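Heads up, the next two complexes both have chain A, just with different partners, chain B and then chain C.
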Partner chain A sequence: MAQHQTEPQASTGRPGRRWPIPALLSAVVLVGVVVMAIWPHSWLPNDPIQIEPALRFLPPAFMEGGDPQYWLGTDVLGRDIFSQMIAGARASLVIVVSAALLSLVIGVAAGLVAGHFGGRTDSIIMRLVDVQLAFPVLVLIIAVVAVFGPSIPNLILVLALASWATYARLVRGLVLSLKEQEFIDAAWASGASHGAVLIRHYLPNVATSIVIFTTFELARLLLVEAALSFLGLGVQPPTPSWGRMISEARNYLFEAWWASALPGLLIVATVLAFNLLGDEFRDRLDPHRERG
Partner chain B sequence: MTRFVLRRIVQTIPTLIGISIAAFLLVRLTGDPAALMLPPEATQEAIDAFNEKFGLDQSLPVQYWKFMSAVLTGDLGTSIRFNIPVWDLFVERMPATVELAAASMSIALLVGLPAGIIAGLKNRSWMDAVIRFFAFLGQAVPGFYLGLMLIVIFAVQLRWLPTGGRGTWQQLILPAITLAAYLIALLVRFTRGAVLDTKRQLHITTARSKGLSSWLILRSHILKNSMIPIITIIGLQVGAVLSGTVVTEVVFNWPGIGRMMVDAIYTRDFPVVQAMVMIVAVIFIVVNLIVDIAYSFFDPRIRRD
Partner chain C sequence: MSNQALLTVTDLEKHFEQSKGAFSGPSSPIRAVDGVSFEIGKSTTLGLVGESGSGKTTTGRLITRLLEPSAGSIVFDGADITELSRTELRPIRRKMQIVFQDPFASLDPRMKVRQIVEEPVRYSTDVGSNERRSRVMETLEVVGLNPDHAERYPHEFSGGQRQRIGIARALIVRPDLLILDEPVSALDVSIQAQIVNLLEDLQEEFGLSYLLIAHDLSVVRQICDEVAVMYLGKIVEFGTRDEVYESPTHPYTRALLSAVPISNPRLRGTRDRIVLKGDIPDPANKPSGCDFHTRCYMAADVCRSDPPELEDSTSEGHLVSCHFAETIVKENNQDTKGKDK
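Presenting the complex of A and B:
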């Protein structure tokens, strides 16, 4: 398409720059988490939800009294910790990724419309954004989940509704800065409709910023989801969940510290990986940013 | 200045109305508010009285009007579990939360500011690398997990500090550190950035070429110019602190408003949940307003627009 040739290239980046080790490690961690999430439960060394009271609080195999069959030990109900950690990736990832995509769609659409049409539409949307951002997110989510119940669709919906506003504000700002550029004028001059201008011209030019922001957003949502599970307002038993594993083990810190310590490491690693990768994307894709 | 302050105050009104509507609908949307807001063993008379007070057979706008009239006259509802006004519960629990928040904000400032300044002044040194590593870690560790691991180390293994509760100063240390960790990480990243930005500006080069000592430049030029963005960032984190107190208070059995809210959810004490959502949101808005006004006071450029 000829008219695209005059548009600024969104993602030329810095060719030839090598990927630093933290970013590579992050990518490996995230691929690992995805593999864990799709790994069939029947292929795990032990059934993650099988309760074995006789085997409760087995220490990890590398400690005294451990059993190689349960190489990261067992929890208060005698369930295998290693198998639960792998199986727990699924619920977290499904909730966090779906919520991020849903808030992205709502927020980007709202931001494009607000920035493009301006005027009354803009002020109504931005007022909504202000109201949304004025709420302490966790408190809002806790209240909504408490009233409507913690099913997975409810969790996705409430996380998305608590997160769309930042997307809207980001995209609106970008659209306003693109508005006066020549390629937008050219698109209008060639007779493009509102929809075509929004989707074919604005959207590709805000995509880079959206990708960078979403990477950080996934880290933040994972932390919120973990906190909800910890408070008993996340995924419900028997579905394995990292946050709930930690919460269930917290009254037994004297007997079995590993039951809460080990699942937490997975949360930390995943959040760290999203954040490091987000930093790398930003340095690589955002030509305006100086490196500190 | 006065016009700016007035305009900012007026701007919070739609937000406050939005919050009251959200809190109102939250309970109405489930279908039967009387079942939610009254104890399960409530008599038919009590249910009728409740329905009449909020006009539950009337249209939603009328119900909202009655709800708001009650709220504005100071009636935030009555706790099902304790059978006392929610406001009294809030007043009783608030000091614990304020104590925790103040302690953790002080720790965050005492640790985060110097660490951020060192990282910014000596950027790309090994000290910078170490500080940034911990800042990254601090933003990735869930608060409840950090709290539990501190208990494992300092209460279970070393037996230096108690596992929870409130009363002695020893009991304040672990929860305050837990709540401070995220703030420290954030403060380090912003302070470092602000110091780096200021370092690049022309007047610093001028000061250097005049032969001023590094310490003098740091104190009278870099720090002075970095303080405004840093103060703003701290102020804007009140929401994060309020959310953080919820999990921290649960982990350490700290008797503040965060734990009160979670307890209210577990015991289905919905009048408390509804009132707490409103109170917390209003605190959050008021603090944001104060930060905004203070910010514009320090930096007149903000007031135009």
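Presenting the complex of A and C:
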């Protein structure tokens, strides 16, 4: 017994802190969105692209004149809002997540290389970043989509190309401050190669910041994607999309508010969830808070 | 230095070019290390002392090739390593390692102790992962840590334990020479003693040579065989520990030693303190003549015009760079005679 007490207990993690309600709700919302994205279209209550002119602007089931079969109502072409909202998550998530990952890979690699090697390499990469950041993102995307067409791979590519620069700048700054740390000198004194310093030392030390930044980046990309679809440059009909639902229904806002307000609320909820979760990650993963 | 030297440094220089603004015109480089020469024999300890800005840390980094020397040569174990590339240095890294000053900044917070300690083996040898692991355990034990600590992260340890981890990392390749860059100055005094004792034990056990870079003269006195005093990138006095501590011959060394606190209260007040005026001069804009004349209490005209050479003062191997070395030697001799009576 005494032995058990004298043996210092290996601390396996930092002291547990309860997840606050907003973060929990955000996690629930995001899990919900992911489920929506993978939900098979054939399991939906109605076909999301089935046009029924007779059922145009059916109000939600809880309002007068609503039909339980279309419980969130129908849009200008008589398509079921609820089914469209679920089906629309797929295109949005695929585009947003792929674009975020692609820009992360490009940006982090560029930032690591720029910060680590410095000199001319750094100048070239950072000038590219400056050019990228000086360009209004939406104008760039509109131009590219107008030229190459609005397919989903094109959208992913153009969103990634418009987003890598902030990652590069973030990572380069972190690497520059890490560079002065003695543990990097210690790695060199141990005989480490450039690759070992980059992968084994810099990358793990910037990972936390990257995770936090990515959650905020996902929120931003979701808004950009919705905006593009709203402008007709994003996901093309008949593929359901949240942005396009708002766009199509906006002229009938007074007659049928649900057709644009409901997908709008969904976008707000998802973006908010990403942001709140990002805040929570930042608080939890911040090494200064962790070590007290 | 009767035995074969393990490390020979000759006329080592490091000049940092200052980045020039577009309109600032030509600027002179910072002469951080300005012609330093010394030798370290096998299983001996050389102390490199001096105040901040004297270039002692830079010297240590030049020897480990963390910085590129501007001039001079570094010969280690018979081989000139001044110009070797990163890959060519790997065999040298197995024989020469460095322990850093700050036990908090020198360990990667995202790595486990095992990963930290095994780094030199991983990068500079072909040893496989099982063998690496057992060497880590062995080395942790040698430095007084529990092998169970290998899977923990650095933030779970105290400063003294972290410095032991740093020492284990340097020791794992069983080097011949350790560069100790202020290894205890970031630690509490009680912990300092433990680490100093550990370093002494390790030296005895493995026959290590040390280059101890420090500003704490009592630590240097405890473990060094020879002492080099640096000022503004140059060695101003060099000798065995007893020579330097018992008969300091450079005014700067005398001033440094007079600032060491005396632990015996009865002896307090028996010694004159020499308080230096001003700060160490700008190494980019060194004074004329002797580097030290701006702060020296003995400075005369000759000091302002002629730089002194590092010369043998009296005893064999006790080198001093001062125009008035002979006067001071005489004073020292009188003092000792006075004490004897």
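Note that the second predicted complex is superposed on the first by the 272 of 292 C-alpha atoms of A that agree within 3 Å, B and C clash if a C-alpha of one lies under 4 Å from a C-alpha of the other, contacts with A are read in each partner's own complex, and residues count from 1 in each chain.
To be clear about the criterion, a contact is a pair of C-beta atoms (placed from the backbone, for glycine too) under 8 Å apart; a residue touches a chain by one contact, two chains touch by 3 or more.
These figures come from a predicted structure and were not determined experimentally.
Trainee: Going by the contact rule set out at the top, does A:V268 touch chain B (first), chain C (second), both, or neither?
Mentor: first
Trainee: State whether A:V131 touches chain B only (first), chain C only (second), both chains, or neither.
Mentor: First partner only.
Trainee: Touching A:S190 in the superposition: chain B (first), chain C (second), both, neither?
Mentor: So A:S190 only meets chain C here.
Trainee: Report for A:L253: first if it touches chain B alone, second if chain C alone, otherwise both or neither.
Mentor: first
Trainee: Kindly classify A:N205 by the partners it touches after superposition: chain B alone (first), chain C alone (second), both, or neither?
Mentor: second
Trainee: In the overlay, answer first, second, both or neither for which of chain B and chain C A:F62 touches.
Mentor: neither
Trainee: Quick check for you: in the superposed arrangement, does A:W19 touch first (chain B), second (chain C), both or neither?
Mentor: Neither partner.
Trainee: Chain B or chain C: which reaches more residues on chain A?
Mentor: Here the partner covering more residues of chain A is B.
Trainee: Using the superposition described at the top, list the residues of chain A that contact chain B and also contact chain C.
Mentor: Touching chain B and chain C on chain A: no residues.
Trainee: In the complex, go through chain A and note every residue touching chain C.
Mentor: 10-11, 181-183, 185-193, 196, 200-201, 204-205, 207, 287, 290-291
Trainee: Can you tell me which positions in chain C touch chain A when the two form their complex?
Mentor: Listed in rising order, the residues of chain C that touch chain A are 61, 64, 66, 86, 89-90, 93, 97-98, 100-102, 105-111, 115-116, 119-120, 122-124, 148, 151-152, 155-156, 166, 169.
Trainee: What does chain B use to touch chain A in their complex?
Mentor: 11-12, 14-15, 18-19, 22-23, 26-27, 29-30, 36, 123, 136-137, 139-145, 148-149, 151-152, 155-156, 163, 192-193, 196, 239-240, 242-243, 246-247, 250-251, 261-262, 265-266, 270, 273-274, 276-277, 280-281, 284-285, 288
Trainee: Touching residues of chain A toward chain B in the complex: what are they?
Mentor: 127, 130-131, 134-140, 142-144, 146-148, 219, 223, 226-227, 230-233, 243, 246-247, 250, 253-254, 257, 260-261, 264, 267-268, 271-272, 275-276, 292
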